[in-house]
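Pasting the structures here.
Presented sequentially are two complexes of chain A, the first with chain B as partner and the second with chain C.
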Partner chain A sequence: MSIVELRNVTYQYPFSERPALEGIDLRIDEGEFVAVIGPNGAGKSSLCYTVSGFIPHFFKGELQGSVVVGGVETRQSTLAECVRRAGLAFQNPFNQISGAKYTVFEEIAFGLENLGVPREEMRARVERMLERAGIADLAGRSPYALSGGQQQRVALASILVMEPQVLVLDEPTSQMDPIGTREVFGMIKELAGRGLTVLMVEHKVEWVAAFADRVVALDGGHVIAQGRPEEVLTDPLLAERNFGLSRYTLAARAALQAGLWPAGRRLPVTLEEAVEGFKAAAA
Partner chain B sequence: MTDIRVKDLHHVYPGGVAALQGISLEIRSGEQVGIVGQNGAGKTTLVKHFNGLLQPTRGEVWVDELDTRKVSVAKLAARVGYVFQNPDEQLFCKTVGEEVAFGPRNLGFAPEKAEALCKEALELTEIGDRAGANPYDLSPTWRKMVALASILSMDTPVVIFDEPTTGQDPASVARIARVVAALRAKGKTVITITHDIDFCAENFARVIALSQGRVLLDGPAAEVLGQAETLAQTYVEPPQLTRLGQRLGLKRTILTQEDLLAELGKKQ
Partner chain C sequence: MPEKLSFYIQRSSAFHSLNPLTKLGLVFAFIVIAYTSPFYWTATVIFGLGVLPLAFVGRVQREFLLAALRLLVPVTGFIFIMQSLFLPGGERELFHFWVFRVTVESVAQAYLTVSRIFVMISAFILFLLTTHPSALMTDLTRRGLPGTFAYVIISTLQIIPQMQSKAQTIIAAQRSRGMETGGSLANRVRALVPLVGPLVFGSLVEVEERAIAIEARGFTSRLKKTSLYEIADTRLDRGLRWFLLGLVVLSVAARVLAG
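So, the complex of A and B:
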């Protein structure tokens, strides 16, 4: 059953000359992990804002079409209600951290305070979340005295702790080290396996290929392709339009030209597929 | 010619976090260095000592004949340019053109020289057509380019980039790689902090891996980036193609697509 449903959605920011999103149709099922890829300016962040209700409640401008999250039209709800259903972790964690709290622990508790969660329950949930996000050792530090990657973990934890039905992530690992990225993808995948619905904007296609259930390719405010990662990420249309492809895909494409990749074999998106293909070519 | 020498550098932040715990290294004029390591390893703390933004708690940092403990940040600014990780912490002028012109004017360059440097910086970062825009009206991608340009225009012998590719799409990453190549061609020292290990492999000859305030590995990229087990200590994985090469049993450490095709071609 779909938990997010966008029908013919077009949105234009105030004072801008063209729509940021145009005629978007998108359905996301409960527990699905959907990755959104596309060049800068494709409309990825706007899509995040639309699903989480920041459009139209915070960003003005004109929203057309229908956006239904958890059975409710976002336009008919308040922003406070919208973000309880679909929590958004911002692209830049500096912009998300409240500035009202002295420690990471308090920062993660901030959302629960606003929701009026009882003190003991709040404490238990924050402690669980700190462990889960691998930041228990940072609990007493100031959210501002952290590295970018650490701040991103705090930003993610401060949304997840509110237990939204849909988690919307705008490049959540952009400042993280590689193994930290793997851990966060693993954590999100596991949460999706337990029923959390995830919409994630991400440039790191290698990880998208390995973890996402479905990939949506955005360009110029339009969905230009969507489907299984291995189908979308090898679609020649994406290469033409300057999308990022994994080094495996790019290397195999060059190898195909040089006769070093088996003709007719689908290009790889993951390390395993690349290893198999190159071994087959050598055999 | 500008060499950077770091001797037994320690840095403890107010509050007691020991970010650097005894770093010694030398970066020679014209070197292209990638710095990698887990979040909180001390990468940004280290490079902020190169232009005096941070002072050693213990140890010393020299930029040529200048002891960074004794000279002003203003003086070091002529030698070492630093592009912040977050452009919003760096930019303050009303237009892109003013922003890029601020550095060279501040360094006291003659107007003609300053103008030529600004033009070159705007062209290299491909923001010449946006010179009249307010930096904060630009998307984060282009704002990052403004941050780059406003340092490039200062024509410093050393340029430091802190996470230049964060949140950038492939076209923008390719543009940053072209900037690095242009600086390399001019003989400048380029020091880049990055988590994008593939970008690191493709653009930097020397790689330093930091872990918990110490140097874990330091050497040619092919030596450092192949050591999966050691790199894992600092939450770094070898580049995609390096891992592929290892899985295929290739002897040479693969850093680029060209390396891979050459090795595979030899085998057949």
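So, the complex of A and C:
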């Protein structure tokens, strides 16, 4: 059963020349992990905002087509109801801190306070979330005194504690260093393993290849390719359109053009696949 | 980056455990009485027998006295000297030098002004030292203060240190490109101009993201909000607040009757 269903969705920001999304059809099944890739201005963030209800509730402009999340048309409910169904986390961890709370524990509880969750239940849920996110040791710290990776995990925990049906992530690691990236992906992997439905925009294709059930390639507001990660991420069409493919794919592609890659072998996405391929070529 | 973003000092004391509204009420009662009471020594008595002992009860005497020393003494000292020297009128001359004539009346008036200011500021210092800002806001929100208002207050308190550190980053970036930020006063003022642009506009851009982040946490939900902490409001608190209100009324009435 699909939990997110976009039908012929077109959206244009106010004062902009062309639509950010144009004729998008997208279905996400329960428990599925869908990654979205695309160059700048492809409409990736707009897609995140549409699924989580910020379009049309926060950003004005014109939304056409139908967006159904958890069985409800986003247009028909309030923004607060939308974000309960599809929680959103984005790039800058610093700006996701509410600024209203003094400790990580309070920060994570903030969403539950807004939803009117009773105190006992709130405490239990925050404690469980801290454990699951692996940040129980940060509970008493100020959210401002953390590293980027820690802040981003707090931001994710703050959304997840509200128990959304879908988690929408807009480039959650784009401002992280390698350590922060590993921390955040470690947490996402843990969550995905528990069957959470995830829609994630991500540039780091090696990570995408490791996690995603399906990859959707956006360009100019259109879906130009979708399918299994190993198929989409090695699609020659994407390389021509300036998608940031993995360096292994690019190396193998150069090798292919020089006649050094085994004919008929699919291009690699990860290091392991590249090693296999080059071994086969050398043999 | 500093972890501490408020004046609050966490100690356990009878004064700390009062309801935030009671403490706020106490501050305002002290101030109103200090300014309205027709008796000359009221403000002095409030400070000596009210604010100061309470700082000890709240076990923040060291921080309280330090803050008072750094902030209050210079300000009130200056006011005291200026008023003593320049207040016109006065019959009984204490001494005079050059063009100044200091009278008993001007000194008395200066002391009254200073003692009132002392009560006002020191009471607020005591309040800030013993009340966590989010406890105050949680309590006031529960009493019907709009959540957005509470949010604006708390986030402003939190954002000041963030703005400071961002300003430091911008200054460092501009110095690394050869801009002079030290030296003469004119130089320093000139150095402010390229700081304000990035700081202000950068913050405005962040406002949208922050708004999204808060909305994503259900901030505008129409459900009745709950709070993580229970803020105690005991019978003692309610009794104290009525008592303070009574004192304020008495003081105002005494002022009106005294003319």
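We take it that the second predicted complex is superposed on the first by the 261 of 283 C-alpha atoms of A that agree within 3 Å, B and C clash if a C-alpha of one lies under 4 Å from a C-alpha of the other, contacts with A are read in each partner's own complex, and residues count from 1 in each chain.
Definition applied: contacts are C-beta pairs under 8 Å (C-beta built on N, C-alpha and C of every residue); 3 or more make two chains touch, one makes a residue touch a chain.
Not measured: the values here are computed from a predicted model.
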Which superposed partner A:Ala263 touches (first chain B, second chain C, both, neither): neither
Partner chain(s) touched by A:Asn92 [first = chain B, second = chain C, both, neither]: both
Chain B versus chain C as contact partner of A:Met176, first or second or both or neither: first
Partner chain in contact with A:Met1 - chain B first, chain C second, else both or neither: neither
Touching partner for A:Ala145 - first (chain B), second (chain C), both, neither: both
Chain B versus chain C as contact partner of A:Ala283, first or second or both or neither: neither
Set of chain A residues, in rising order, touched by both chain B and chain C: 92, 141-142, 145
Residues of chain B defined as touching chain A within the complex: 13, 15, 17, 36-41, 44, 85-86, 88, 139-141, 163, 166-172, 195, 197-198, 232, 234-237, 239-241, 243-244, 247-248, 257, 260-261, 264-265, 267-268
Residue numbers on chain C that touch chain A, as the complex places them: 1-6, 132, 134, 150-151, 154-155, 158-159, 161-162, 206, 209-228, 230
Residue numbers on chain A that touch chain B, as the complex places them: 38-41, 91-92, 94, 141-142, 145-150, 171, 174-182, 203, 206, 242-248, 250-251, 254-255, 258, 260, 271, 274-275, 278-279, 281-282
Chain A - residues contacting chain C, complex: 52, 54, 58, 78-81, 83-84, 87-90, 92, 95-102, 105-106, 109-119, 122-123, 126, 141-142, 144-145, 155, 158-159, 162
